[in-house]
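Starting off with a structure, shown below.
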């Protein structure tokens, strides 16, 4: 579906974020084309999570984030999300005191939430509907976190390290789900696991110390170990 | 050059101010609008004594609130302790003056350590509630008076025969003024010395960002306790001055509103600023006294009911002023001088913020964890 | 035995009022991180609103019971509206600036007590209540004042309603989730600020109920009454665990009973001291209170 040069869906320009006294994002600019997966890469602490949170308005930010016809900077978080932006946060952030069903119910935004899709992808969640989310395993909590985003028809999904801390079999399962998601919508994915990136991403953006240092085709980037090492200081370990 | 400037700002300038204030009782002039009686009259001097005493008390509160970020609602406990215990020792137990003072200050030191240790187990807002509860226990104790020491609601008048002669009687009002001023000056220089010392810098670092202090491998609790104890100790000394100034101790000192009043003074003047807190204490006390005087005067009688209330109840007006300052001028009066830089309450935000979901750990720490 | 029974029921009656105040405080704190000193003003709005309404609105109603109930209903409405206004006008503009929010509520509380004192004077006002409330019922030899039952029943009903609301409604769900992680609630597209106003209104109504009941319990309402109840409610909130309704209920019962028993069996005033001691012990043992909600209490 990405044969034609895709339209730009999300356009970030000169984004700045200060947290306390540190200047975490120092003028980040990039485009996310419509459809498929765009990977946001970089070492720990370079501002990937902050970038997603800044797009969502969860941190104070300056600059511009165009989403379709809307300017998101200056808009409050819930209004941004209601423009069909889905978010799967780092560390899941499920509500541990609520049941699985309650977690999902809270996330309902559309008139007809897609429970059929959620339960097709994660049959386990239907069985565990009445279980407290706090008693779930990390992998199950990740399913809840992704399911919350799946319930609604999002134009873009911001997904933050969905495979972090998961066992290899679960990593593959999450990657399957993300692949399926990418057919339905646009995904901006923060991911450390380059195996997952290789499998899913069409475009890649690399951040370093609060700035974009590389943007281009993901597969081309992954094919250049020297460049990768320089940008990420890691080898191309396979999943 | 900077060394000289520091000397001037830290020592010469305050000394000049306190020196000038010390000359006030010698001023035999009338200031018609500001004071009803001549400056050197006992009535006006008593008001001025109260003003400088509250300036000092407000500063003791600012030490833990403005400089360390500890929001205590129980500071009055230590002031009341100073005022009551010294008085009880002198009046009920017939001790002589100095042993009573020594005993009171030792108890204050011990109590501040114990209660500080317990209440600092919790942080932020919970700390405020716990200190409030401890102070309330003190208030109940003073009210119920199980040992017939405090005389409950009557308050305890001091046995003036045991007090130093220089501080007794209307003729000695100017001595009491100098005593209050001396208290203010001592608190001022102790606070200055303390916040510039190396633990004092850590107190301020805790105020700015407690987690960062923890990351450095320091234990914030121990430092917070230091600040709390020093602040409470100075407050107890202020309580003794209060007892001498008013020749007794009253229940007002024990009540939660007394701490809240100090909080109002500090915020109005400017939290985390020495001059701000002092100025807040002085202005608040002055305005409060004048409003009461106006409220009791015959001119108010003729006013419509709606206008009379705010004048007869100064706390109503002062509370509103306080709210307006919090909303529109978080740096307080001192903040006017430091426009642009975060000052006063804005700087305190980190310290007292509850560890809620969207506060707490700065994100760069999360990501690099 | 009969004394013990009387003390128990009276302690529960007192605990009921503590719970009504503490539940709102706890919800507001849990959701918004605001220590709401103005809760004392909400209590006063409830008690004075009811007193005022019984004179100026429902003064003509013959039946004391009806007059009291109607006045109380209006008092509760005042409490809820006042609390919602406080949130909208004073708290919301200071969003996420917790200390300034606390200070604003402190200023409001002080001003409000002064205002009430200025308008109606410092003397307590007598409450018009049905005569039946001042009579006693004999149970196992104990003469138990009837108003105690009303207090206990009201608190139990409010507890049940609150739990029902929190468990069964969408706003209840939002509030429970918001207590855990406010930012994530917003990231699901929910305007969490509406829930803020709602918890203030709920807290205001519950506090106003406590105000009305305190008028019955003490026979009078006074301008300072709210403040003294508020302090024990704070203790209840800390012991119960910030943000937990169930914890508040449990702690309210413990505090009310402890106070009554020790005030009687030891001596007057000791009960208050013991409660504070209890707070110290709980803090040393479990800095997060009975329920251990993970909010606020940074050790």
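As written, the chain order gives the labels A, B and C, with residue 1 at the start of each chain.
Throughout what follows, a contact is a pair of C-beta atoms (placed from the backbone, for glycine too) under 8 Å apart; a residue touches a chain by one contact, two chains touch by 3 or more.
Fair warning: this is a prediction, and the values are worked out from it, not measured in the lab.
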Chain ID, smallest distance between chain and overall C-alpha centroids: C
Pair sharing more residue contacts (C-beta pairs) when B-C is set against A-C: B-C
Chain whose Cα centroid lies at the greatest distance from that of chain B: A
Rounded Å distance between chain A and chain B, as computed from the means of their C-alpha atoms: 51
Where chain B and chain C are represented by their mean Cα positions, the distance between them in whole Å: 30
Chain A-chain C separation of Cα centroids, rounded to whole Å: 44
Multi-chain contact residues (two or more partners), chain C: 180-181, 183-184
Touching two or more other chains - residues of chain A: 58
Contacts with two or more other chains, residues of chain B listed in rising order: 358
Touching residues on chain C, where the partner in the complex is chain B: 29, 33, 35, 90, 93-94, 96-100, 102-104, 106-108, 110-115, 117-119, 180-184, 227, 231, 234-235, 237-238, 242, 267-270, 272-273, 276-277, 279-280, 283-284, 287, 294-299
Touching residues on chain B, where the partner in the complex is chain C: 71, 118-119, 121-126, 128-130, 132-134, 136-137, 140-141, 143-144, 146, 210, 256-257, 260, 263-264, 267, 305, 308-310, 312-316, 318-320, 322-323, 326-327, 330, 345-346, 348-349, 351-359
For the chain C and chain A complex, residues of the former touching the latter: 170, 173-174, 176-177, 179-181, 183-192
Contacting residues of chain A [partner chain C, same complex]: 56, 58, 76-78, 81-82, 87, 89, 93, 95-98, 102, 105-107, 109, 148
